[in-house]
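Below you'll find the structures, each written out as structure tokens.
Each of the next two complexes has chain A plus one other chain: chain B in the first, chain C in the second.
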Partner chain A sequence: MLDEHQTERPVLTLKDISIEFPTPRGVVHAVKHLDLTIHKGRRVGFIGESGSGKTTTALSVMQMLAEPGRVSTGSIDLGGTDILALDEEEMRKTRLSRVAYIPQGAMNSLNPIMRIEPQLWDAILAHEPGTSRSDLKARSDEALKSVGLPTHVGQLYPHELSGGMKQRVCIALGIILTPELIIADEPTSALDVVTQRQVMQTLKDIQERIGSGLILIGHDMGLMAQSVDELAVLKDGELVEHGTVQQIIEAPKHPYTQDLISSVPLVGGESFLNPERRAEAPKRASTEPLLRFDGVSKVYGSVTALHPLSFTLQGDKPQIISIVGQSGSGKSTMGSIMLGFNPPTTGQVLFEGRDLQRLSAVQSLEFRKNVQAVFQDPYACFNPFYRVNHALKFPFKQFGLSQGDAHTQKAMEEACVAVGLDPDLVLSRYPHQLSGGQRQRLIVARALMLSPKLLIADEPVSMVDASLRATILSNIYDLKDKYGISILYITHDLATAYHVSDYVMVLFKGHVVEAGPPKAVIGDPQHPYTRLLIDSIPWPDLKRSWGHGGEDWDPSKEEAEALSAGTVYRGDVEGFDLVKE
Partner chain B sequence: MSRIPREYLVNRLITLVLTVLIAATLIWIIPRLSPVDPAEIALGRMAAGAGTVENADEILATLRAQMGIDQPLVVQYFKYIKGVLVFDFGLSTAAFPTPVSALIANALPWTIGLMLISLIITFIIGNLLGALMVWEKTPRLWKVAIPAAMVFTSIPPILSGLLLMWIFAAKLQWFPLTGAYGLTVEPGWTWAFVSSVLHHGFLPALSIVVVTFGFWALGMRGLMITVQGEDYTTLAKAKGLKPRYILYKYMIRNAILPQVTAFALKIGLLIAGQVLVERIFAYNGMGKLLYDAILDQDFPVIQGVSYVIILLTALSVFIVDLIYPFIDPRVRHEVA
Partner chain C sequence: MADHVTDNAPMTRAEKRQARRLRRFENPWLNPKLMWGAGLLIGIVMLGLVGRMLWNLDLVFTGSSQLKLPPVGFENLRKQPGVWGTPLGTDGSGRDMLSLIIIGAPNSLFVGLLASLIGMSTGIFLGFTAGFVGGRTDDVIRVLSDVMITIPPLLILVVFQSSFGDVSLTMMALLIAGFVWQSPTRLIRAQVLSMKQSGYVQMARLSGASTGHIMFREMLPNLVPYLFGSFIANVTTSIVTAVGLEVLGLGPQRIPTLGRTIYEAINAGALIQNLWWWWGIPTLLLGVMFVGLLLINLGLDEVSNPRLRKLS
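Coming up: the complex of A and B.
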């Protein structure tokens, strides 16, 4: 199926590769009889969920399997060299000079106590001992420039760089010896969409220039569609489908591949929510507005995280208000101000007419019951020492909602069913025995048990596997629909905001730059920053270009442009009133 | 990072002085909760020597006046604090009327010499062995031998000291049995004296190293396991760096950071810590001084030694705080 490239010299040939991990409880077969050829200059995506064997396969090429992993069958041929036959010293020399690895956790991939330059130099010196200092300096400068970093970055320590800059340093490191093959393991998973596009563009440019093969490991079908030539779909250690990205996206054969493609929420695409339920959102009798921001701003030292903002959210009709923006836009600051965790520098936050900073002990308890939160990291939200039913039971009793143990048990079971979990299976388990998706749904269930009036969901699905996102979001959507809870949905993901929200505010450097109903703001963005965000989303659609691939592309200019344009108001919805500046 | 901000320095100095003052106060209060009267002990000692003592009440009063314990507590306290600041802890009651500061001044150099050198050796050996327990390229024999050597850590120092003495001093006669230097050499900066000190110090130092390296090795092992799992260690390997370079520059260099703080805290403990080692080897250091003072209920000496221990601990923590940002660039001198 890849005829047109068969004539070119392969960079990597995997023949019948199996990888196993012998453990005391038996042998784990991480990869099973995998065959794959990667040609010069081609970009191949390895896609699959966590545990599918994609990283393990890639690491076997570098002979860097975690103990006690081993390649049990097959052969690995890297440009004519039999990798499995190399001794340790030969393998060491092969790493980086012929096959480079760009790691997933760019945040921690650089030695924290060394400046950037020495970390580039030691790599060169390990392969070309005796390289002169001036030569080292020239090559590190060139490598940094080639990934779009100023050369003074070489003098800095890793903690002084942003996530995107660290990932660029890792790319610079990967290409400094012009390898034949680059393995990039989810290189952008820790970055927001705007930075992701910039970093991927850099990686693609540089890979094309040096003409190496590229393995891109990931689970985001959209990112793959925009970045690679061929796709290898892995599931449970088996290669279930392999072909050009066009073949796979337009005509996926394997049901798992079809699932991967259809689980990506699209702006303007079909909703993943059940439209029938939409009509009957229950109304609540309420005189005071539910939540009011009155000139609220937040300043940290010399940085203004949030510029003065005023809005009123009415309580009579539940709404979902989305706050979108990239990291550093001030959206999470806004969330913690609403929860009363973080006092505003100026202005007041009023919940049902009462200032959050002046609540009495009783009012504070009432506020905590009425305002619930779902956070980003479902792993950190549970006390690992208690079974999950404790996490559900405790607040229910604490807020005096329980009418005896049987009632508590019934409430827990109902809440579990409401979020699509089987109470018998999950309630008596410990948090570590549950998946990230299950835990996040339990957090939603916990919030639901308290029948709050407002739910603040801060990136509730960004750490959950793609196929589960839709389920959790529809759980959250149900809270509004069935239980009449208003929701503030904080996210960087515009596609999901498009589907779930009634009103969207786009935040950029603490300013609201565009606000209105999602069909207008996200479906037809007017503000340059909203456009930048939307253009940055990688679409699993080959006809839709990721854009800005040209040489005149300058991210800092786009940002400047975004700041100079004023706020664009795109219309109002009933029950939410944003005060226009 | 190149300069230490003045405001930070001032803040840290104030903390240092306060710590030492509070500690000095506690040291003063604790013995005064005891019902024992040091004047009576001194009198008892005189009586034991002379058989009988006449005018016991008069002598007691004189002793109390000399020891300054006849005055109101508040006066005693402020005199004490004033004295402490200039290292004047009064007179020893056991070796009356030798000033405590003179006793400490005689003992301190010996202990600092012996203990600091053995602490440094232990720190290096312990951390290196701890690192080697984790490193994947360590020869298999070492991986077995190091944990086996930990057995020594469970031997009380008194036993290991006696064992070493028996083998190397009594049987093999490579080293002298006891003392800090030979009886025939004259103290001074001469080769004969220095070599005698080193010769005498070897066995006590070795007995300390043998029993304490396990502390560092086990701590280092835990830290190294964490560092081994860090992404930067993985990337270092993917960079094709030489294993030994990764061990030193990537793994040990990062894992050692918390150990440096532990080192500073140990300095204070070690002054008093190896009391028994000093006893066995008849080494005239702070440990022996403290031990004797406790037996004799010699409060001024106990206070003086405790004070010096606290002062040295506080000083070493202060110094580590100042240098830490230079060994870990992520830490800054922040003004609280």
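Coming up: the complex of A and C.
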């Protein structure tokens, strides 16, 4: 099926590769009998959930498997060289000069106490000792230019660069010796959508220019569709499907691939939510609005994270209000102000008519019981010292909801079942024994047990595997009607916000730039910033190339335009009033 | 994971060794360093306990035996052979060396443990206060501990102890404790500051937990490996300080300690008279104590920092 490229010798041939990790409980087979060939100039995506063996396979090409992992069968051929037969010194020479690896979170792999330029020189000197200074300078300048950075960046320290710039420096570092193969392991996972698109374009351009092979590791089907030529789908260490992007996206054969593609929520696409659950929500006792922002702003030193903002969430009918924006837009600041963790600089936050900053001890406990949160990082939310049921049991008792241990146990089990977890399997485990998805569902279960009136979900699914995102979001969505919980959904993901929310606010540099019902705001954006966000989403659809920007897409113009444009109000929904400036 | 487990065939010797290493990797407390270190220290404590039961401790008094007798199997300069009545020899005033170390070695360890315990408790209290309260309180505690770290403890303690004259072991431990609280304070403050931002502390705050609960139930258990390590390091410092003072002739005058014995040996010219057992045996015991503490510390490092654990 890929015959037209096989005239030349392939860059990389993996034959029958198996990788195993001996552990006290027996040998774990991380990769099982994998065969794959990568041709010159081709981009191949490795896609699969965490633990599916995609990074392990890539690392074996570099002979960089973590101890005690080892390649047990098969052969790795890099442009005619048998990688597994190389000794440590030969392998050292091969790395970077013939195969470069851009690790996950590469932005943190730069040395913080060295300027960029000497770090690039180190890479050259390690392979070509004795290169003259002027030669080094010329090559580092060229490498920086090739990734679209001005040459003066070489004189800066890593902390002076933004995340996207650091990621490009890492790409420059990877290509400086023009390798035959580049391995990029989720190179954009820590970046927001706009920067992600820029960085991916840089990587594609440069790979085309030097004509090397590229392995792109990721779990985002949309990003893959926009970036690679061939896709290799991995599941539990096995290659379940391999073919061109076209074949796989248009006619996936393996059920797992079909799952992966259908689990990506699309703006305007089919909803992943369960529309049937429309139970009558319990009535609220208070007549005061549930949450009111009154001229709330937040200033950190000279930076204004949030400009004065006023709104009222009535809360009589449970609603989901989405707050959308890039990192640094002030959306998380808003979340922590609502939770009372962070006092506003001006204005006040009223919960059922009471100022959050002036609560007595009793009122404070009452507020905590009524306002709960689901945070971004499911790995950090459990105390590693306790079994996971501590996180569920403790607040239940603390808020006086418990009527004895048996009742607590029953409530915990019910909550687990409600989010689709088997209580016998998860409740008595330690956090590190559970996957990210299981933990995040437990946090949702915790919120459910406490049946708060308001739930603040701060990027609840951004660190969870793609296939689980929809499940967790529909868990949260179902709570809304079943328990009458109003939800503030803070996210950078417009597609999910489109589906779950009743009202959307787009935040840009601390200002609300566009607000209204999701069908209007996300389905038909008017403000330049909202358009920019929508354009940056990688669609898992080949006909819809990444937005309509083309090769020389430059977001800075649109951002400048966005700064000068005023707020666009796209209509109101009952129960939520945003005060128009 | 069950389907990944394959071979049930009998293991070869190399595989058994590998399996043992892996078990050790999984359960860090089965650490040879930790076990050896603990063994050495327990040995010293047992010497004190068993010795008290089996040996006649009245031999510790001046003139209870012949002067300057060598250990059994050796001869001193006067050609006197060692006798079984005093198996490790006697010192310049006729005290039995075995009785001296039975009483002295646990004393030195006691001073170290007590001083470290008091220092750690102060450190935990101050570190948590600084990390949690913040602001002015944090500034005061931080500056105080930073300043105290730069002052050489022996200098101050020499002045203190010479003005106190004869002190008890407990008093000495208290004085030393005044100089070992700074590093745990700094360590715990730093950890508390970073843990305060962690997800599980935020979750606990969301759960309406009190400050006390967050400090002692959520944070402290996760600090245990650090506290252990810091504690053992402090015991070492405290013993070194105590012995230093004793060798200078300060500290308790009437209670036998290892440092005091070395002081007396040096004072009586044991080095030129070739009375090696007089200073050698206490020095050896101190050596054993320090090696034991060092091994425990290295072992604990591996427990709290999995990256230091090696499979080979």
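FYI, the second predicted complex is superposed on the first by the 560 of 581 C-alpha atoms of A that agree within 3 Å, B and C clash if a C-alpha of one lies under 4 Å from a C-alpha of the other, contacts with A are read in each partner's own complex, and residues count from 1 in each chain.
Just so it is clear, a residue touches a chain if its C-beta (ideal position, glycine included) is under 8 Å from a C-beta of that chain, and two chains touch if they have at least 3 such contacts.
Bear in mind that the values here come from a model prediction, so they are computed numbers and not experimental data.
Student: Are chain B and chain C a fit on chain A, or do they clash, once the structures share the same frame?
Tutor: clash
Student: Contacts for A:101 in the overlay, against chain B (first) and chain C (second): which applies, first, second, both or neither?
Tutor: first
Student: Touching A:109, do we find chain B (first), chain C (second), both, or neither?
Tutor: first
Student: Determine, under the contact definition given at the top, whether A:93 touches first (chain B), second (chain C), both, or neither.
Tutor: Touch partner of A:93: chain B, not chain C.
Student: In the overlaid three-chain picture, which partner chain does A:26 touch, first (chain B) or second (chain C), both, or neither?
Tutor: Once the two structures are laid over each other on A, A:26 reaches chain C alone.
Student: With both complexes superposed on chain A, which partner does A:41 reach: first (chain B), second (chain C), both or neither?
Tutor: So A:41 meets neither chain B nor chain C here.
Student: Out of 5-13, 59-67, 113-121 or 149-157, where does chain B run into chain C after the fit?
Tutor: For chain B, the listed stretch overlapping chain C after superposition is 149-157.
Student: Please write out, lowest number first, the residues of chain A touched by both chain B and chain C across the two complexes.
Tutor: 67
Student: Write out the stretch or stretches of chain A touching chain C in their complex.
Tutor: 22-29, 67-68, 339, 341, 364-365, 368-369, 372-373, 375, 377, 379-386, 391, 394-395, 398-399, 443
Student: Which of the residues in chain A come into contact with chain B in the complex?
Tutor: Those in contact with chain B are residues 62, 64, 67, 92-97, 100-101, 103-105, 107-114, 122-123, 126-127, 157, 159, 170, 173.
Student: List the residues on chain C that touch chain A in their complex, please.
Tutor: 1, 4-7, 18-19, 22-23, 25-26, 198-200, 202-209, 218, 221-222, 311
Student: Please give the residue numbers of chain B that touch chain A in the complex, ascending.
Tutor: Checking each residue of chain B against chain A gives 136, 230-232, 234-243, 245, 249-250, 253-254, 257, 327-330.
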